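In this document, chain identifiers A, B, C and D correspond to the written order of the chains, with residue numbering beginning at 1 in each.
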């Protein structure tokens, strides 16, 4: 399902809802290992990498607005904050907004900060989050990029008008120039920065690929009737198995439950260790 | 269900499994706002507060082992790391162990580090995580405390033997003294440090109490048949409502979806914004 | 020279300038170990401790302004940021201001943020940094405290007027109440929070006391004429000696220079390792 | 004096000591703005950038040893820790070693960790910090690079022997292959990673260039006799001027002293604000 499987997962659920899904499917995108590693931990690194390789921008002291505080947004914000950027968040979901507050970010509407920020990053899974109106109000040299999905988060189409000049200054980097000389630095023409302008560590690929492979094996081996024509989450135990396969590369040593402890917790000593809804 | 409702939640599920639950119940403990605020964000502060008030220990440079990297453990570790402690983790769950790795902590068995650490903190929900054998091997002045649940995580009973002397040096602080003069500093006699030795901010109480009140209102108002004699998770929308009630105290400004965006995402403009399994 | 020896150091230099210093004196306050440990590292912990013990405030999501970004300010800001506060800085010195920018803090004038912040902390060594005018504009429940020096940083005298009511709500905590009911939470009546409301770890006391003792020994043992009636900085080598005495408590292992390396660097293998101006 | 002016500064002091310096010289390398910006803040970003561009390594969970905890080392360690690496430090100077402890890093001898680390980074200004013996003991795929000075920190010469095979896998990246198949990943053949494999932000160049220009202007304009044939530190006031010129790009607002405050502090309202020895 690829690295950016958010869109495809979305399609799966729509097919299922419409009764048009003709085979069982596994939503790997929302398994814990995929969510945390591919999204949170990987984006924490690729936002820095993508911005540096394309613009050589210094992060220290920069004002940045990140649209969306899901796993991808959390990763981007943690990295940028750690390197000395001042980060603002926009959110539609009050739970994520409250998390942003507790993590030390001001939650604002995009309009409130658009004139002052040096970098705008979208991580929403939504469309038209950055509109032409926002782009018109950005300051000179503002960098705009998309870490979310697809190429819809920034309304790039609205920039393809006669009064604006596009100048390709480097691979994946365009200056869009306003009549008054203001330049907005658009990365990857609004497509995904992490796929276009940075690399994905092999470690993360390994986790995601293992998850996908195990999902296929499970669907193939499952006894008749376990899975219907619907979308399923990866069984917790498989998710744990993916993680356990990757621990040795960190020389991490798991603790085993004693019989007594397993009984106390009502768990099998070999897992699963958490309820399915645990994240 | 109180601040430390892990134990009671556990009992609820056991009653339910045994078919002995005679009313519908709501597992508030696992709602997102409870998990994140009461556990993660609150413990991030109370671990520091509890240790300081009881021992005046300096965190900088101290070696600490935290048993368990769930929400409570994550909060404790983040705070201690931020203040310059060197933190080791023990875990039974490979997913949490892998998260610990990615967050920059070495995952070890307790035996590997027990001789060298200055502080031992349990956050497991388990029993006998710190045994007499571990206590025997700790170095002089090692601080031992429990942030997890109940009073079972540290085997305190094993310390009530004739060869060890107990000296109460301050309220909630005992020195347990070995025949060779070694002292282990036991906090709150192994009961919960955050409840015994630190305070719970009113903000967190407000979130938890609101969640509990809404759960009761939901159960009371629900149409006949919506809830059976089982344990339910708080509906996502209520969880979001709790969060939204607390945003104004941070002067946080939510973004609203346009009609077009809501349609694109297949969401109601008023939420819920995430699937139930989202954490 | 005590923990808060800034004031006394200042007096020493004034005496010296006025030709009234009748013995040699050692400015221990500005030695590296004192500056970093007593100020930066100790205040990083005591700001949290002092605020918690007096007010039980939750740090996550709080807006805080810290006046002064010297060593004390840097310590306070690092701790508060790490625990999820949003921190603003005021500064008079452009170098410190630029450091604050690079560390991810907005540098503002106090007036710009005084209406919105939840906590005001002074760390300037200056007087009347927080004036009655500022106090008048703070929002209800704003906490005000001094981590800098003396009791002059906050203009507490201006609050002792008939129209304001003082209510002692706890030891070291006064509510100052405006006619409209607004309350400002004043800690330690504007005296030093870290001395009044938190503890100083023995480790830090040990470093400072060792530095002071070595300074006295040096002055006592110095050959006639090495020191005149002036103020001196602690010799670098002694500063390094203080540090080396405290390394074993962290089980830290120093690397020794080879003869070849010492020659290459033009250093004595036993130090001093840095020029005197190094911080 | 270029970005890496440590070596040249060193030469200046040697010339001066030998009485061979025939003009006054200004040690710009040790001015506060140069030290903090060019070294600390710039290296904080370029270590990540340099490693990513050459190796695509994931930082999360990696074990890294950084040799030297001066400004460059502090920058490297802060960045790597923030991105989830587990960092060890080696140091010869007890003050820097104690700082490393307080910042949450274990201080070790290189031999203690060389078998387990994934990355080795030198920031010492010394020579032969990483020897052939260390290289022989590294594990397969260990990355080795130099952020310090010159090309002497890693004993690269010792690797140019018949039993080892060099394989250039990419620009600036060599695999050195042991007879048993073990590969060590050597970056930039042991020359400076930040100059060879990452970019220097224009902001940092601006600070350094401004400092150098002002130093030359000062030497040129100085009245006869102010400077002799010696090495001087940049006057504090100029250092502050450099900083103040760069504040507007962060929209940072300096606070001005009132007359009363300036008198209280014994300072000129326009600076310098700190003694010369302040860092």
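Here is the rule we use: contacts are C-beta pairs under 8 Å (C-beta built on N, C-alpha and C of every residue); 3 or more make two chains touch, one makes a residue touch a chain.
In UniProt terms the chains read A, B, C, D = Adenosylhomocysteinase like 1.
Not measured: the values here are computed from a predicted model.
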Using the touch rule from the top, work out which pair, A-C or A-B, shares more C-beta pairs. A-B
Separation of the C-alpha centres, chain A versus chain C, in whole Å, is 41
Mean-CA-position distance for chain D and chain A (Å): 33
Using CA atom averages as chain centres, what separation in Å is found between chain A and chain B? 27
Among the residues of chain C, which ones contact at least 2 other chains? 41, 60-61, 83-84, 101-102, 106, 250
What topology does the chain touch graph have (line, ring, star, complete, other)? complete
Which residues of chain B touch chain D once you look at their complex with the stated criterion? 60-61, 81, 83-86, 101-106
Chain D residues within the chain C interface of the complex: 10, 14, 30, 32-33, 36-37, 41, 90-102, 106-110, 112, 125-128, 233, 239-241, 243-244, 246-247, 250, 252-258, 260-261, 264-266, 271, 273-279
Of all residues in chain C, those that touch chain B in their complex: 41-42, 44-45, 48-49, 52-53, 56-61, 63, 78-79, 82-84, 116, 198-199, 201-204, 249-251
